[in-house]
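Right after this note come the structures.
Look for subunit A in each of the two complexes below; its partner is subunit B in the first and subunit C in the second.
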Partner chain A sequence: MKLNNTHHAAIGALLACTTAVPSAALADDLNVILFSMPYTQGLDQLEADFEEKTGHTVNIDVVGQDVFESRITLSFTGQTGDLDVVHTPVIQVQRWIEAGWLQPITAAVDAMDTKDDILSGPLDAYLVNGERWALPFFAETGMMAYRTDLLADAGYDQAPENWAEMLEASAALKANDQAALAMRVAPGQGFNMFVYPMIMRAYGGTFFADYPTDLTPNMNTAEGLEALDVYASLMNDFGPEGIGNFNFGEVAAAMQSGQVAMIVDGTSIVAQALDPDASQFADQISIAAVPTGPNGRSPAIAVHGLGVPADAPNAEASFAFIEWATSEDVLTKIALMEAYPDFTRASVAQNAEVIAKYESIHPEFLNLKVQMLGDAIGHYRPLLPQWPQMGATIGENINAAVNGIMTYEEALETSDQDIADIMAE
Partner chain B sequence: MRRHDMSVKQIAGVIMMLVFLAFTFLPIIWAIILSFRPKTHLFEPIWQSPAQLTWDNFDTLARSDFPFALFNSLVTAGTSTILAMIIGVPAGFALAKGRSHRKFIASWALLLLRMAPPVGFVIPLFLIYLNVGLLDTWAGLIAAYMVLTLPMVVWSSWTSLSQIPDELIEASLLDGATLFQTLYKVVLPAARPGIVATAVLAFLIAWNDFFFALIITRGDTVTAPVAIMNFVSYATVDWGSIALASIVLTLPTVPVIIFANRYIVQSMGGAVKG
Partner chain C sequence: MQSYQGVQPVFQKNYNKMLYPAVFAVGVFAIVPLLGMFALSLTDFHLIKSWDREFGLANFIRLTQDRRFISSISVMLMLSVFGVIFQVVLGTLIAVGLEKIVPRWRFLRGIFVVPFVVPAVAVALIWLSLFTPTLSPINAFFDIFGITVPAFLTTEYGAIGAIVIADTWASYPFVMLLILAALQGISSDLDEAASIDGATKMQIFWRITLPLLKPALLMVALFRFIETLKHFPLIFVMTNGGPGRSTQATNYYAYIQTFQSSNVSYGAAIAVFLFVFAAVISFYVAKANARLTDA
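For the complex of A and B:
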């Protein structure tokens, strides 16, 4: 059989298609990688606005969190220069700075006309070693959601104000055959270690003897032990079946489906409980502050921003994108388009349409969020380069304690040892 | 007594088979149920609210990047399979019927390529692609898939074509056919079960790949297995869409398997078409 003209044409067409058709991505002026959340999904839809405004073309790639981790690790460690703007969670920023993966944007931020409109807490979360490394677009804090009807049946007309009351209310709910509380228990620095420090710090527990001046491990204390006891009791004695491996998805689903009466988690999860399209009992769910303890209240906090990779070829264009993406106009648009109450500009919080939208979800949502942000401490999770590794290890130990694999003392002692080992590396 | 023993064994066998089938099919059945459940009833047992069904997940999936990713999967897996067959089958034929003294080296090289972990290929490929502009292109992904499929096709064709009697080939050549004509008009029809099975397996290797696509694709060429991961976001896991996407990803393989099942079974039995 000889190849005729048809065969030649087919092969030629195949080669032309495979090499030419989808090769546009890396030809874009700017390549931006973000992991999926309401803000980033909204930003993706506004891509054309940026191109029209600046003349740059941009490829915004919004991916799952695991895909994001793989892509940026390969790009950063290989110094490939294929990324111009990167999603920068504050909890990772110290590690990325130490590894030389980000470039500072201090001068550009300081030259911004609207810098003072950015909430100072989230903005300064990226101030490390005297330099600014990212601009924030998301500041989430801890909050509680509760079923008013179930708590009323158990004899409570409001949410528990402190963790001791939470235990009592949970016992009363259990007496009514109702699982009381769901929180994240799955191990991970962004999973159980996002919520557990709310209890640990409320009871006076700390990761270190005196952060940041004395970094001697300090989890295995009487306060730490009491906090772990409260957390494990709440989960094991009053949580829903299978709580030992609950993550944010299961926590949200448990509240939406009526499986539990209360959750304590981030605002992005609490907002889902209030969403009538996703929650069966949205009209019977209210919100409250994170419970206090003997040492006060310590709501969780998570800040996300946009940074410039160290090997980004055109830092000026990268910052132009970041400035646009975190501008009042863009944040307002996304706050109205998506479930995005975690914006980082004061002007957005004062926008009448934004206020109206979030008041319709719950009249107190924005006010309570501001209150919780005020109570949160910046180093809720220690701002150290070693934290991601440390948080993962401590998370395993705390999870093991809740699941009965370790005693509480063993979990805290092991955590102290693990912290010391990681700090010594 | 013996008959009684046999029936007990048979019953035990049937029970084991049913348990295995349930173990295998329950996740698929569960995924199908999840695909039709609204978010508000996603985690309820189906018998608690059997009437709570929705098409919302279909709408969500249709509006996502998943259909585009599915098309990318089809193009890259299909093209890489065709190219691997075009190159690999003649190579397998040469190894099966040629008179080279270096077949031992070829067999080791092929085995090494088959057994090497994908991560050993993907990092160098990523760096090369970045420099030559093949990152996030169909051509790059197809070439990468051929790294996986070509050694398998050559090895498998070698095995299948070795069973073709030399006399058949000699008769064809004596009748005046060229080697090329002999391969395509005599040898391949006789070895059809093995060749079809090889093509199916090559397609499935590329179709189900996650790792290569994760590293060397971006938004323009993302494939379906990677796109499914994008339903896991910072604060939500869209279980309904994940379940539906998983079912959709499985669907194209079903007719392929049904169509090729006869050949795969024959291939396993080492049959050559008579």
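For the complex of A and C:
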């Protein structure tokens, strides 16, 4: 059959219909992009709850962090308006604000009835230039997990209180042919740069001369050098084989399988070590505060939240999703569904079922976590738009020092130079 | 116009138009993005900062002075050269083994192809666990005998070696399949004639099979070389570019510049360098291949 103009017109009309109909049907859909972690995996399963509660339909896309970075960068720079809600790590928020990628949600947050229930530290982490840019769903801090039996064998009836004691205890454990401590060493602003500042700040080291007023690079100091020496000694002299490439997965696995006596990491990793379903030695593992140093204690902190992209077409619907996703009801459900997520509402911490669940891994877990969150400083990692780039670069230098590719002095000197270069750009 | 017997009249008349979809697809999905990348590399587009829309060669001048970029090229070449050598040697040996030496084992081809269908991220995770002493069954096995296997991923050359091994495991089946196809194109009469003349199997391999495989080997090496220039998932998952910056190959460095440092134009300039580098290599390999084929 030969196609005439009428046939062409009919085919064209049919194609137009088949493409236009789904678009019209999806016009009020919310597109949410998150990267994978216990909370986001739990939220993904509650899609239907949101649809039932609000009438909006939602597509929650949970992807790997690398895919997430590429996808949002393309969406934001292309101003495609295809995303309604975006996973917003606090470490990125300054950069995104400066780039104009987020829209403030101050009025909507202030109008919330349950705003006071949100932990103030994580909530205020998103308060930049007087505006609120996201609502937190996750606030992780640092904590130590240790094997009571192995430390007892080495002559210790409690966890080391400070980093100097940690070195002594590690030496005693090594004498018993036991790898002592595992921490993240893999390079990355969210990898070794999540844990290393706990030691650096405890010894009085800083990234800048006087943050935020004087941003002169300040890593190459006597305090910084001592901290790096302690970190590298703990890892190289007393850590397990291959520690120089350990990330949080390897740290958790080493503790769960009994290959190390202690870990210092985020609360989510410590919870995995205490979880009897995942850890072979859960009943012999206890928890303690992050060790102190001459300059005090500085637990790590990481906050994640949900924000509204600047080009989101329906900001009101976007915020409705955020309010629901960070509500007491949803956070409680996820706290009970998923392993041990780091929720951000006081009411969730008071829920009897949640308390029972966390007490089952350790009676002091929730209390210690609150204490560590209280000790953590908001600018543990500097809240600067340049930090993601800076943190990655410093992480490479610190990793090179631990693995013997640079001397400690070279690593700190190079870090100062890299910070200066990045700030000058 | 030439007439084609048995073809519908509508296509006889407009057969040139059948190319249009392909030309359109290549234009939209290959040429336009490529031109966009070239144009971007001449600007100073930064994700965060404003864009003054001036064009120039500043990014390429910066490349010549960027020590991290220059060091990334040597990492890339080490990964590519050693990777291609191991993949071609292993793939060829298995192909020749299955086709010529023990043809009754041809049924194993399916098993040898398995690594090729494993996604790159899964390959990286498998080898990350094998090279992590606390997770590795290899280390656990040698521990029984009191032998400590070194931690490859914590030393500069060890980490590069680990990535080469992972890439070889994942990619040798590609070489094997192409060489198997090439071997099946070589007439068995040649082997038989040589055999009648008293040549041994080794002599047949070195003097007949291998010379006839040269064009195929050259092309497969080129394909693999270009692929290895694009190393990303193995580095990202296995080493994060570490220890230090030891495994930051050029492609990975382009990612760092684009997505971590927000220097989109500089990242594009690095990508242009990779494109030109691959094009030059391809040109010379194609020339060499043409000489071999003519000979």
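Note that in this section the second predicted complex is superposed on the first by the 395 of 425 C-alpha atoms of A that agree within 3 Å, B and C clash if a C-alpha of one lies under 4 Å from a C-alpha of the other, contacts with A are read in each partner's own complex, and residues count from 1 in each chain.
Basically, a residue touches a chain if its C-beta (ideal position, glycine included) is under 8 Å from a C-beta of that chain, and two chains touch if they have at least 3 such contacts.
Here the structure is a predicted model, which is why all the values come from computation and not from measurement.
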Looking at A:N367 after the superposition, I want to know if it touches subunit B, subunit C, both of them or none. Which is it: first, second, both, neither? neither
Given the touch rule stated above, what does A:I405 touch, subunit B (first), subunit C (second), both, or neither? second
Regarding the shared-chain residue A:A99, is it in contact with subunit B (first), subunit C (second), both, or neither? second
Of subunit B and subunit C, which one touches more residues of subunit A? B
Touch check for A:S279: first (subunit B), second (subunit C), both, or neither? first
In the overlaid three-chain picture, which partner chain does A:Q259 touch, first (subunit B) or second (subunit C), both, or neither? both
For A:D61 in the superposed arrangement: first (subunit B), second (subunit C), both or neither? first
After lining up the shared chain so the two structures overlap, which partner does A:A392 touch, if you call subunit B first and subunit C second: first, second, both or neither? second
By the touch definition at the top of the document, which applies to A:S70: first (subunit B), second (subunit C), both, or neither? both
Would you sort A:T216 into first (subunit B), second (subunit C), both or neither based on which partner it touches? neither
Following superposition on chain A, which residues of subunit A contact subunit B and also contact subunit C? 64, 66, 70, 253-254, 257, 259
Which stretch or stretches of subunit C touch subunit A in the complex? 10, 47-48, 121, 131-135, 139, 148, 151, 153-156, 159, 236, 239-246, 256, 259-262, 264
Can you list the subunit A residues touching subunit B in their complex? 1, 14-15, 17-19, 21-26, 31, 35-38, 41, 59-67, 70-71, 74, 78, 80, 82, 248-249, 252-254, 256-257, 259, 266, 268-269, 272, 277-280, 304
Note: in the complex, subunit B contacts subunit A through residues 39-44, 72, 79, 123, 126-127, 130, 133, 135-139, 142, 180-181, 184, 214-215, 218-221, 226, 229-237, 239
Of all residues in subunit A, which touch subunit C in the complex? 2, 64, 66, 69-70, 73, 77, 95, 98-99, 186-188, 191, 240-247, 250, 253-254, 257, 259, 385, 388-389, 392, 396-397, 399-400, 402-403, 405-406, 422
